[in-house]
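Labels A, B, C, D and E are assigned to the chains in the order they are written; within every chain, residues are numbered from 1.
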Amino acid sequence: MQIARVIGTVVATQKHRKFEGAKLLLVQPLNLDDTPRGVALLAVDGVGAGVKEKVLIVLEGRAAGEALGKKAAPVDAAVVGIVDRVDVVMA
Amino acid sequence: MQIARVIGTVVATQKHRKFEGAKLLLVQPLNLDDTPRGVALLAVDGVGAGVKEKVLIVLEGRAAGEALGKKAAPVDAAVVGIVDRVDVVMA
Amino acid sequence: MQIARVIGTVVATQKHRKFEGAKLLLVQPLNLDDTPRGVALLAVDGVGAGVKEKVLIVLEGRAAGEALGKKAAPVDAAVVGIVDRVDVVMA
Amino acid sequence: MQIARVIGTVVATQKHRKFEGAKLLLVQPLNLDDTPRGVALLAVDGVGAGVKEKVLIVLEGRAAGEALGKKAAPVDAAVVGIVDRVDVVMA
Amino acid sequence: MQIARVIGTVVATQKHRKFEGAKLLLVQPLNLDDTPRGVALLAVDGVGAGVKEKVLIVLEGRAAGEALGKKAAPVDAAVVGIVDRVDVVMA
(Lines give C-alpha, C1' and ligand atoms only; values in the text may rest on other atoms or scores of the structure.)
Protein backbone atom coordinates (compact mmCIF):
# COMPACT_ATOMS: atom_id res chain seq x y z
CA MET A 1 0.00 0.00 0.00
CA GLN A 2 1.08 3.58 -0.44
CA ILE A 3 0.21 6.92 1.10
CA ALA A 4 -1.37 9.41 -1.29
CA ARG A 5 -3.29 12.67 -1.35
CA VAL A 6 -6.68 12.98 -3.09
CA ILE A 7 -6.18 15.84 -5.56
CA GLY A 8 -9.26 15.65 -7.78
CA THR A 9 -12.03 13.62 -9.34
CA VAL A 10 -12.80 12.14 -12.75
CA VAL A 11 -16.15 11.96 -14.47
CA ALA A 12 -16.75 9.16 -16.98
CA THR A 13 -20.44 8.76 -17.78
CA GLN A 14 -19.89 6.03 -20.38
CA LYS A 15 -18.14 3.27 -18.51
CA HIS A 16 -18.14 -0.46 -17.83
CA ARG A 17 -21.38 -1.42 -16.03
CA LYS A 18 -19.46 -2.83 -13.06
CA PHE A 19 -18.35 0.71 -12.25
CA GLU A 20 -21.91 1.97 -11.63
CA GLY A 21 -21.94 3.97 -8.39
CA ALA A 22 -18.18 3.98 -7.99
CA LYS A 23 -16.51 7.32 -7.29
CA LEU A 24 -13.28 7.86 -9.21
CA LEU A 25 -10.61 9.81 -7.35
CA LEU A 26 -7.43 11.33 -8.73
CA VAL A 27 -4.70 10.56 -6.19
CA GLN A 28 -1.08 11.69 -5.95
CA PRO A 29 1.29 9.21 -4.21
CA LEU A 30 3.44 10.87 -1.54
CA ASN A 31 6.90 10.41 -0.06
CA LEU A 32 7.28 10.22 3.72
CA ASP A 33 7.88 14.00 3.83
CA ASP A 34 4.59 14.54 1.90
CA THR A 35 6.29 15.61 -1.33
CA PRO A 36 4.74 14.10 -4.51
CA ARG A 37 6.15 10.75 -5.64
CA GLY A 38 5.75 9.82 -9.28
CA VAL A 39 2.62 10.68 -11.22
CA ALA A 40 -1.03 10.96 -10.19
CA LEU A 41 -3.34 8.02 -10.90
CA LEU A 42 -6.99 7.07 -10.64
CA ALA A 43 -8.44 4.98 -7.83
CA VAL A 44 -11.98 3.95 -6.90
CA ASP A 45 -13.11 5.15 -3.50
CA GLY A 46 -13.64 2.38 -0.96
CA VAL A 47 -14.00 4.46 2.21
CA GLY A 48 -15.72 7.76 1.42
CA ALA A 49 -12.58 9.88 1.07
CA GLY A 50 -12.69 13.51 0.01
CA VAL A 51 -10.42 15.86 -1.92
CA LYS A 52 -7.30 16.99 0.05
CA GLU A 53 -7.42 14.01 2.42
CA LYS A 54 -4.35 11.85 2.96
CA VAL A 55 -5.26 8.29 2.13
CA LEU A 56 -4.05 4.71 1.96
CA ILE A 57 -4.19 3.23 -1.54
CA VAL A 58 -3.81 -0.31 -2.89
CA LEU A 59 -2.38 -0.74 -6.37
CA GLU A 60 -3.55 -4.16 -7.48
CA GLY A 61 -6.64 -5.39 -9.23
CA ARG A 62 -7.84 -8.11 -6.90
CA ALA A 63 -7.36 -5.89 -3.86
CA ALA A 64 -9.06 -2.92 -5.52
CA GLY A 65 -12.04 -5.02 -6.57
CA GLU A 66 -12.45 -6.15 -2.97
CA ALA A 67 -12.34 -2.53 -1.82
CA LEU A 68 -15.20 -1.71 -4.17
CA GLY A 69 -17.10 -4.71 -2.83
CA LYS A 70 -17.44 -6.13 -6.32
CA LYS A 71 -15.20 -9.09 -6.97
CA ALA A 72 -15.46 -8.97 -10.72
CA ALA A 73 -14.99 -5.22 -11.15
CA PRO A 74 -12.46 -4.07 -13.76
CA VAL A 75 -10.44 -1.87 -11.39
CA ASP A 76 -6.74 -1.86 -10.46
CA ALA A 77 -6.41 0.77 -7.70
CA ALA A 78 -8.53 1.82 -4.72
CA VAL A 79 -8.55 4.09 -1.68
CA VAL A 80 -8.89 1.76 1.33
CA GLY A 81 -8.21 4.02 4.33
CA ILE A 82 -7.82 7.57 5.55
CA VAL A 83 -4.44 8.17 7.19
CA ASP A 84 -4.47 9.67 10.68
CA ARG A 85 -0.81 9.44 11.56
CA VAL A 86 2.48 8.13 10.18
CA ASP A 87 5.16 7.34 12.77
CA VAL A 88 8.64 6.99 11.30
CA VAL A 89 10.86 5.50 14.00
CA MET A 90 13.99 5.10 11.92
CA ALA A 91 14.70 6.09 8.32
CA MET B 1 -6.49 3.22 -13.48
CA GLN B 2 -4.90 5.71 -15.80
CA ILE B 3 -6.10 8.24 -18.34
CA ALA B 4 -5.04 7.54 -21.93
CA ARG B 5 -5.77 8.54 -25.49
CA VAL B 6 -6.73 5.95 -28.14
CA ILE B 7 -4.16 6.49 -30.92
CA GLY B 8 -4.63 3.48 -33.18
CA THR B 9 -5.65 -0.14 -33.62
CA VAL B 10 -3.89 -3.47 -34.04
CA VAL B 11 -4.91 -6.33 -36.30
CA ALA B 12 -3.90 -9.85 -35.29
CA THR B 13 -5.85 -12.47 -37.25
CA GLN B 14 -4.01 -15.41 -35.72
CA LYS B 15 -4.63 -15.10 -32.02
CA HIS B 16 -5.68 -17.00 -28.92
CA ARG B 17 -9.29 -18.18 -29.33
CA LYS B 18 -10.40 -16.30 -26.22
CA PHE B 19 -9.73 -13.06 -28.08
CA GLU B 20 -12.36 -13.73 -30.76
CA GLY B 21 -14.41 -10.59 -31.23
CA ALA B 22 -12.22 -8.42 -29.06
CA LYS B 23 -11.10 -5.08 -30.50
CA LEU B 24 -7.46 -4.25 -29.80
CA LEU B 25 -6.72 -0.56 -29.24
CA LEU B 26 -3.37 1.18 -29.16
CA VAL B 27 -3.51 3.62 -26.24
CA GLN B 28 -1.10 6.31 -25.08
CA PRO B 29 -1.15 7.02 -21.30
CA LEU B 30 -1.40 10.76 -20.53
CA ASN B 31 -0.23 13.12 -17.82
CA LEU B 32 -2.77 15.47 -16.21
CA ASP B 33 -1.86 18.16 -18.78
CA ASP B 34 -2.59 15.67 -21.61
CA THR B 35 1.07 15.25 -22.60
CA PRO B 36 2.10 11.62 -23.33
CA ARG B 37 3.37 9.60 -20.35
CA GLY B 38 5.62 6.67 -21.07
CA VAL B 39 5.05 4.42 -24.07
CA ALA B 40 1.91 3.35 -25.91
CA LEU B 41 0.44 -0.06 -25.12
CA LEU B 42 -2.34 -2.36 -26.27
CA ALA B 43 -5.66 -2.73 -24.50
CA VAL B 44 -8.86 -4.62 -25.31
CA ASP B 45 -11.91 -2.42 -25.71
CA GLY B 46 -14.54 -2.88 -23.01
CA VAL B 47 -16.79 0.12 -23.74
CA GLY B 48 -16.84 0.80 -27.48
CA ALA B 49 -14.17 3.50 -27.54
CA GLY B 50 -12.92 5.06 -30.76
CA VAL B 51 -9.66 6.52 -32.00
CA LYS B 52 -8.82 9.96 -30.52
CA GLU B 53 -11.08 9.48 -27.50
CA LYS B 54 -9.76 10.07 -23.99
CA VAL B 55 -10.30 6.91 -22.00
CA LEU B 56 -9.90 5.22 -18.64
CA ILE B 57 -7.67 2.13 -18.75
CA VAL B 58 -6.97 -0.66 -16.27
CA LEU B 59 -3.56 -2.28 -16.34
CA GLU B 60 -4.03 -5.65 -14.70
CA GLY B 61 -5.03 -9.02 -15.99
CA ARG B 62 -7.92 -9.93 -13.76
CA ALA B 63 -9.48 -6.50 -14.19
CA ALA B 64 -8.96 -6.53 -17.95
CA GLY B 65 -10.51 -9.97 -18.29
CA GLU B 66 -13.58 -8.74 -16.44
CA ALA B 67 -13.80 -5.76 -18.80
CA LEU B 68 -13.88 -8.13 -21.75
CA GLY B 69 -16.59 -10.14 -20.01
CA LYS B 70 -14.47 -13.27 -20.28
CA LYS B 71 -12.93 -14.35 -17.00
CA ALA B 72 -10.38 -16.65 -18.52
CA ALA B 73 -9.20 -14.33 -21.30
CA PRO B 74 -5.43 -13.90 -21.69
CA VAL B 75 -5.46 -10.09 -21.49
CA ASP B 76 -3.67 -7.64 -19.19
CA ALA B 77 -5.04 -4.20 -20.13
CA ALA B 78 -8.46 -2.84 -21.07
CA VAL B 79 -10.35 0.35 -21.82
CA VAL B 80 -13.12 0.54 -19.19
CA GLY B 81 -14.51 4.07 -19.57
CA ILE B 82 -14.60 7.20 -21.69
CA VAL B 83 -13.44 10.27 -19.78
CA ASP B 84 -15.79 13.27 -19.78
CA ARG B 85 -14.00 15.52 -17.35
CA VAL B 86 -11.00 15.58 -15.02
CA ASP B 87 -11.21 18.02 -12.10
CA VAL B 88 -7.87 18.71 -10.45
CA VAL B 89 -8.57 20.54 -7.20
CA MET B 90 -5.01 20.64 -5.91
CA ALA B 91 -1.76 19.47 -7.52
CA MET C 1 -0.51 -6.16 -23.95
CA GLN C 2 2.62 -5.22 -25.81
CA ILE C 3 4.06 -5.79 -29.25
CA ALA C 4 7.27 -7.82 -29.33
CA ARG C 5 9.54 -9.72 -31.69
CA VAL C 6 10.43 -13.39 -31.09
CA ILE C 7 14.24 -13.41 -31.03
CA GLY C 8 15.10 -16.87 -29.73
CA THR C 9 14.20 -19.88 -27.64
CA VAL C 10 15.15 -21.30 -24.25
CA VAL C 11 15.67 -24.94 -23.36
CA ALA C 12 15.07 -26.00 -19.76
CA THR C 13 14.76 -29.78 -19.45
CA GLN C 14 14.44 -29.73 -15.66
CA LYS C 15 11.38 -27.65 -15.00
CA HIS C 16 8.13 -27.50 -13.07
CA ARG C 17 5.84 -30.31 -14.26
CA LYS C 18 3.12 -27.86 -15.29
CA PHE C 19 5.44 -26.63 -18.05
CA GLU C 20 5.55 -29.99 -19.84
CA GLY C 21 4.99 -29.37 -23.54
CA ALA C 22 5.22 -25.61 -23.29
CA LYS C 23 7.53 -23.83 -25.74
CA LEU C 24 9.58 -21.05 -24.17
CA LEU C 25 10.23 -18.06 -26.43
CA LEU C 26 12.67 -15.24 -25.92
CA VAL C 27 10.83 -12.04 -26.90
CA GLN C 28 12.01 -8.47 -27.29
CA PRO C 29 9.33 -5.79 -26.63
CA LEU C 30 9.18 -3.15 -29.38
CA ASN C 31 8.35 0.52 -29.68
CA LEU C 32 5.85 1.64 -32.33
CA ASP C 33 8.72 2.23 -34.77
CA ASP C 34 9.92 -1.37 -34.18
CA THR C 35 13.01 -0.36 -32.20
CA PRO C 36 13.68 -2.49 -29.08
CA ARG C 37 12.04 -1.33 -25.85
CA GLY C 38 13.63 -2.42 -22.59
CA VAL C 39 15.09 -5.88 -22.18
CA ALA C 40 14.17 -9.26 -23.66
CA LEU C 41 12.08 -11.64 -21.56
CA LEU C 42 10.72 -15.16 -21.67
CA ALA C 43 7.15 -16.02 -22.61
CA VAL C 44 5.32 -19.30 -23.16
CA ASP C 45 3.92 -19.75 -26.65
CA GLY C 46 0.13 -19.76 -26.81
CA VAL C 47 -0.38 -19.49 -30.57
CA GLY C 48 2.41 -21.34 -32.38
CA ALA C 49 4.66 -18.35 -33.05
CA GLY C 50 8.08 -18.68 -34.65
CA VAL C 51 11.38 -16.86 -34.41
CA LYS C 52 11.38 -13.41 -36.12
CA GLU C 53 7.61 -13.04 -35.96
CA LYS C 54 6.02 -9.91 -34.53
CA VAL C 55 3.73 -10.95 -31.72
CA LEU C 56 1.28 -9.78 -29.08
CA ILE C 57 2.37 -10.60 -25.54
CA VAL C 58 0.59 -10.49 -22.17
CA LEU C 59 2.66 -9.78 -19.10
CA GLU C 60 0.64 -11.13 -16.20
CA GLY C 61 0.41 -14.49 -14.58
CA ARG C 62 -3.29 -15.19 -14.71
CA ALA C 63 -3.49 -14.13 -18.34
CA ALA C 64 -0.40 -16.14 -19.29
CA GLY C 65 -1.72 -19.26 -17.58
CA GLU C 66 -4.92 -18.94 -19.58
CA ALA C 67 -2.89 -18.63 -22.79
CA LEU C 68 -1.16 -21.90 -21.99
CA GLY C 69 -4.54 -23.50 -21.34
CA LYS C 70 -3.42 -24.51 -17.88
CA LYS C 71 -4.96 -22.41 -15.13
CA ALA C 72 -2.52 -23.44 -12.46
CA ALA C 73 0.65 -23.08 -14.51
CA PRO C 74 3.50 -21.11 -12.91
CA VAL C 75 3.96 -18.67 -15.80
CA ASP C 76 3.85 -14.87 -15.96
CA ALA C 77 4.15 -14.01 -19.67
CA ALA C 78 2.76 -15.48 -22.90
CA VAL C 79 2.54 -14.90 -26.63
CA VAL C 80 -1.19 -14.63 -27.41
CA GLY C 81 -1.31 -13.40 -31.01
CA ILE C 82 0.66 -12.79 -34.18
CA VAL C 83 0.50 -9.16 -35.29
CA ASP C 84 -0.60 -8.51 -38.87
CA ARG C 85 -0.83 -4.76 -38.83
CA VAL C 86 -0.52 -1.79 -36.48
CA ASP C 87 -2.41 1.35 -37.50
CA VAL C 88 -1.28 4.47 -35.67
CA VAL C 89 -3.83 7.19 -36.39
CA MET C 90 -2.37 9.83 -34.12
CA ALA C 91 0.78 9.80 -31.98
CA MET D 1 9.96 -11.42 -2.15
CA GLN D 2 12.27 -8.71 -0.92
CA ILE D 3 14.22 -8.00 2.22
CA ALA D 4 13.15 -4.86 4.08
CA ARG D 5 13.51 -3.09 7.42
CA VAL D 6 10.46 -2.07 9.47
CA ILE D 7 10.92 1.69 10.00
CA GLY D 8 7.59 2.82 11.40
CA THR D 9 3.85 2.37 11.65
CA VAL D 10 0.75 3.98 10.18
CA VAL D 11 -2.52 4.69 11.95
CA ALA D 12 -5.70 4.83 9.88
CA THR D 13 -8.79 4.64 12.05
CA GLN D 14 -11.22 5.06 9.15
CA LYS D 15 -10.47 2.17 6.85
CA HIS D 16 -12.04 -0.64 4.83
CA ARG D 17 -13.71 -3.10 7.22
CA LYS D 18 -11.55 -5.98 5.97
CA PHE D 19 -8.56 -4.26 7.57
CA GLU D 20 -9.97 -4.50 11.11
CA GLY D 21 -7.23 -5.77 13.40
CA ALA D 22 -4.48 -5.53 10.80
CA LYS D 23 -1.27 -3.78 11.82
CA LEU D 24 0.13 -1.47 9.14
CA LEU D 25 3.93 -1.30 9.00
CA LEU D 26 6.08 1.19 7.14
CA VAL D 27 8.89 -0.85 5.54
CA GLN D 28 12.02 0.21 3.68
CA PRO D 29 13.26 -2.31 1.04
CA LEU D 30 17.00 -3.03 1.37
CA ASN D 31 19.88 -3.93 -0.91
CA LEU D 32 22.06 -6.92 -0.04
CA ASP D 33 24.45 -4.59 1.84
CA ASP D 34 21.49 -3.27 3.90
CA THR D 35 21.43 0.15 2.22
CA PRO D 36 17.92 1.45 1.38
CA ARG D 37 16.54 0.47 -2.03
CA GLY D 38 13.85 2.67 -3.52
CA VAL D 39 11.15 4.23 -1.38
CA ALA D 40 9.40 3.04 1.78
CA LEU D 41 5.97 1.44 1.45
CA LEU D 42 3.17 0.10 3.63
CA ALA D 43 2.64 -3.58 4.37
CA VAL D 44 0.23 -5.46 6.63
CA ASP D 45 1.92 -7.53 9.31
CA GLY D 46 1.51 -11.28 8.89
CA VAL D 47 4.03 -12.52 11.46
CA GLY D 48 4.13 -10.13 14.42
CA ALA D 49 7.15 -8.09 13.29
CA GLY D 50 8.37 -5.04 15.21
CA VAL D 51 10.06 -1.77 14.32
CA LYS D 52 13.77 -2.13 13.39
CA GLU D 53 13.43 -5.81 12.48
CA LYS D 54 14.70 -7.11 9.13
CA VAL D 55 11.82 -8.79 7.38
CA LEU D 56 10.70 -10.66 4.28
CA ILE D 57 7.96 -8.88 2.32
CA VAL D 58 5.68 -9.95 -0.52
CA LEU D 59 4.56 -7.31 -2.99
CA GLU D 60 1.42 -8.71 -4.56
CA GLY D 61 -2.22 -8.61 -3.63
CA ARG D 62 -3.14 -12.28 -3.62
CA ALA D 63 -0.06 -13.18 -1.62
CA ALA D 64 -0.57 -10.34 0.84
CA GLY D 65 -4.20 -11.26 1.40
CA GLU D 66 -3.11 -14.81 2.21
CA ALA D 67 -0.57 -13.45 4.70
CA LEU D 68 -3.34 -11.57 6.48
CA GLY D 69 -5.41 -14.75 6.54
CA LYS D 70 -8.25 -12.97 4.75
CA LYS D 71 -8.61 -13.94 1.13
CA ALA D 72 -10.77 -11.01 0.18
CA ALA D 73 -8.75 -8.31 1.93
CA PRO D 74 -7.88 -5.19 -0.11
CA VAL D 75 -4.12 -5.35 0.53
CA ASP D 76 -1.14 -5.49 -1.84
CA ALA D 77 1.91 -5.96 0.42
CA ALA D 78 2.63 -7.95 3.58
CA VAL D 79 5.42 -8.91 5.96
CA VAL D 80 5.61 -12.72 5.81
CA GLY D 81 8.81 -13.55 7.69
CA ILE D 82 11.57 -12.26 9.95
CA VAL D 83 15.02 -12.64 8.38
CA ASP D 84 17.64 -14.46 10.48
CA ARG D 85 20.45 -14.71 7.99
CA VAL D 86 21.24 -13.94 4.34
CA ASP D 87 24.03 -16.02 2.78
CA VAL D 88 25.39 -14.57 -0.43
CA VAL D 89 27.58 -17.24 -2.04
CA MET D 90 28.37 -15.37 -5.25
CA ALA D 91 27.42 -11.86 -6.35
CA MET E 1 9.67 -15.21 -16.97
CA GLN E 2 13.25 -14.15 -16.61
CA ILE E 3 16.61 -15.83 -16.55
CA ALA E 4 18.51 -15.52 -13.25
CA ARG E 5 21.43 -16.95 -11.35
CA VAL E 6 21.01 -18.40 -7.84
CA ILE E 7 23.52 -16.44 -5.73
CA GLY E 8 22.61 -17.35 -2.16
CA THR E 9 20.01 -18.39 0.37
CA VAL E 10 17.97 -16.75 3.10
CA VAL E 11 17.09 -18.17 6.49
CA ALA E 12 13.91 -16.97 8.19
CA THR E 13 12.90 -19.24 11.05
CA GLN E 14 9.93 -17.12 12.09
CA LYS E 15 7.73 -17.00 9.05
CA HIS E 16 4.18 -17.40 7.82
CA ARG E 17 3.07 -21.01 8.35
CA LYS E 18 2.38 -21.49 4.63
CA PHE E 19 6.13 -21.21 4.02
CA GLU E 20 6.96 -24.31 6.07
CA GLY E 21 9.36 -26.45 4.07
CA ALA E 22 9.93 -23.87 1.36
CA LYS E 23 13.54 -23.08 0.43
CA LEU E 24 14.21 -19.38 -0.09
CA LEU E 25 16.77 -18.58 -2.79
CA LEU E 26 18.48 -15.28 -3.48
CA VAL E 27 18.45 -14.85 -7.26
CA GLN E 28 20.09 -12.28 -9.52
CA PRO E 29 18.24 -11.58 -12.81
CA LEU E 30 20.55 -11.69 -15.85
CA ASN E 31 20.79 -10.02 -19.23
CA LEU E 32 21.20 -12.18 -22.34
CA ASP E 33 25.00 -11.85 -22.04
CA ASP E 34 24.80 -13.10 -18.43
CA THR E 35 25.59 -9.72 -16.85
CA PRO E 36 23.44 -8.82 -13.80
CA ARG E 37 20.19 -6.99 -14.52
CA GLY E 38 18.71 -4.91 -11.73
CA VAL E 39 18.84 -6.04 -8.13
CA ALA E 40 18.77 -9.48 -6.52
CA LEU E 41 15.47 -10.74 -5.12
CA LEU E 42 14.08 -13.68 -3.18
CA ALA E 43 12.25 -16.58 -4.77
CA VAL E 44 10.90 -19.87 -3.42
CA ASP E 45 12.41 -22.95 -4.99
CA GLY E 46 10.00 -24.99 -7.10
CA VAL E 47 12.45 -27.34 -8.83
CA GLY E 48 15.33 -28.18 -6.49
CA ALA E 49 17.79 -25.56 -7.80
CA GLY E 50 21.18 -24.99 -6.21
CA VAL E 51 23.50 -22.05 -5.75
CA LYS E 52 25.31 -20.95 -8.97
CA GLU E 53 22.73 -22.56 -11.25
CA LYS E 54 21.11 -20.56 -14.05
CA VAL E 55 17.38 -20.67 -13.56
CA LEU E 56 14.01 -19.61 -14.92
CA ILE E 57 12.03 -17.43 -12.51
CA VAL E 58 8.42 -16.24 -12.44
CA LEU E 59 7.67 -12.89 -10.84
CA GLU E 60 4.01 -13.01 -9.94
CA GLY E 61 2.13 -14.23 -6.93
CA ARG E 62 -0.35 -16.64 -8.45
CA ALA E 63 2.33 -18.26 -10.58
CA ALA E 64 4.77 -18.50 -7.66
CA GLY E 65 2.16 -20.07 -5.41
CA GLU E 66 1.52 -22.71 -8.07
CA ALA E 67 5.25 -23.41 -8.25
CA LEU E 68 5.30 -24.05 -4.53
CA GLY E 69 2.33 -26.36 -4.91
CA LYS E 70 0.39 -24.33 -2.37
CA LYS E 71 -2.29 -22.18 -3.91
CA ALA E 72 -2.76 -19.96 -0.89
CA ALA E 73 0.92 -19.37 -0.14
CA PRO E 74 1.98 -15.75 0.42
CA VAL E 75 4.76 -15.74 -2.19
CA ASP E 76 5.39 -13.54 -5.23
CA ALA E 77 8.42 -15.10 -6.97
CA ALA E 78 9.60 -18.65 -7.65
CA VAL E 79 12.26 -20.65 -9.46
CA VAL E 80 10.36 -22.85 -11.96
CA GLY E 81 13.11 -24.31 -14.17
CA ILE E 82 16.83 -24.84 -14.63
CA VAL E 83 18.10 -23.33 -17.89
CA ASP E 84 20.09 -25.64 -20.18
CA ARG E 85 20.49 -23.43 -23.19
CA VAL E 86 19.44 -20.02 -24.53
CA ASP E 87 19.41 -19.65 -28.33
CA VAL E 88 19.32 -16.05 -29.50
CA VAL E 89 18.55 -16.10 -33.23
CA MET E 90 18.29 -12.36 -33.72
CA ALA E 91 18.87 -9.50 -31.26
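Brief remarks on what is shown
Methods note: contacts are C-beta pairs under 8 Å (C-beta built on N, C-alpha and C of every residue); 3 or more make two chains touch, one makes a residue touch a chain.
Quick caveat: nothing in here was measured; it's all calculated off a predicted structure.
Of all residue numbers seen at the chain B-chain C contact, under half occur in both copies; the interface is built from largely non-matching residues. For the pair chain A and chain C, the distance between mean C-alpha positions equals 31 Å. Centroid to centroid, with C-alpha atoms defining each point, chain A and chain D lie 19 Å apart. Each of residues 60-62, 64 in chain A touches at least two other chains. Taken chain by chain, the contacts form a single closed ring in which each chain touches exactly two others.
Chain order round the ring, anchored at chain B and oriented towards chain C, is B, C, E, D, A. The part of chain A that touches chain D in the complex is made up of residues 1-3, 31-32, 37, 46-48, 56, 58-64, 66-67, 71, 78, 80-91. Chain D makes touch with chain A in their complex at residues 5, 7-16, 18-19, 24, 26, 28, 39-44, 51-52, 60-62, 64-65, 72-77.
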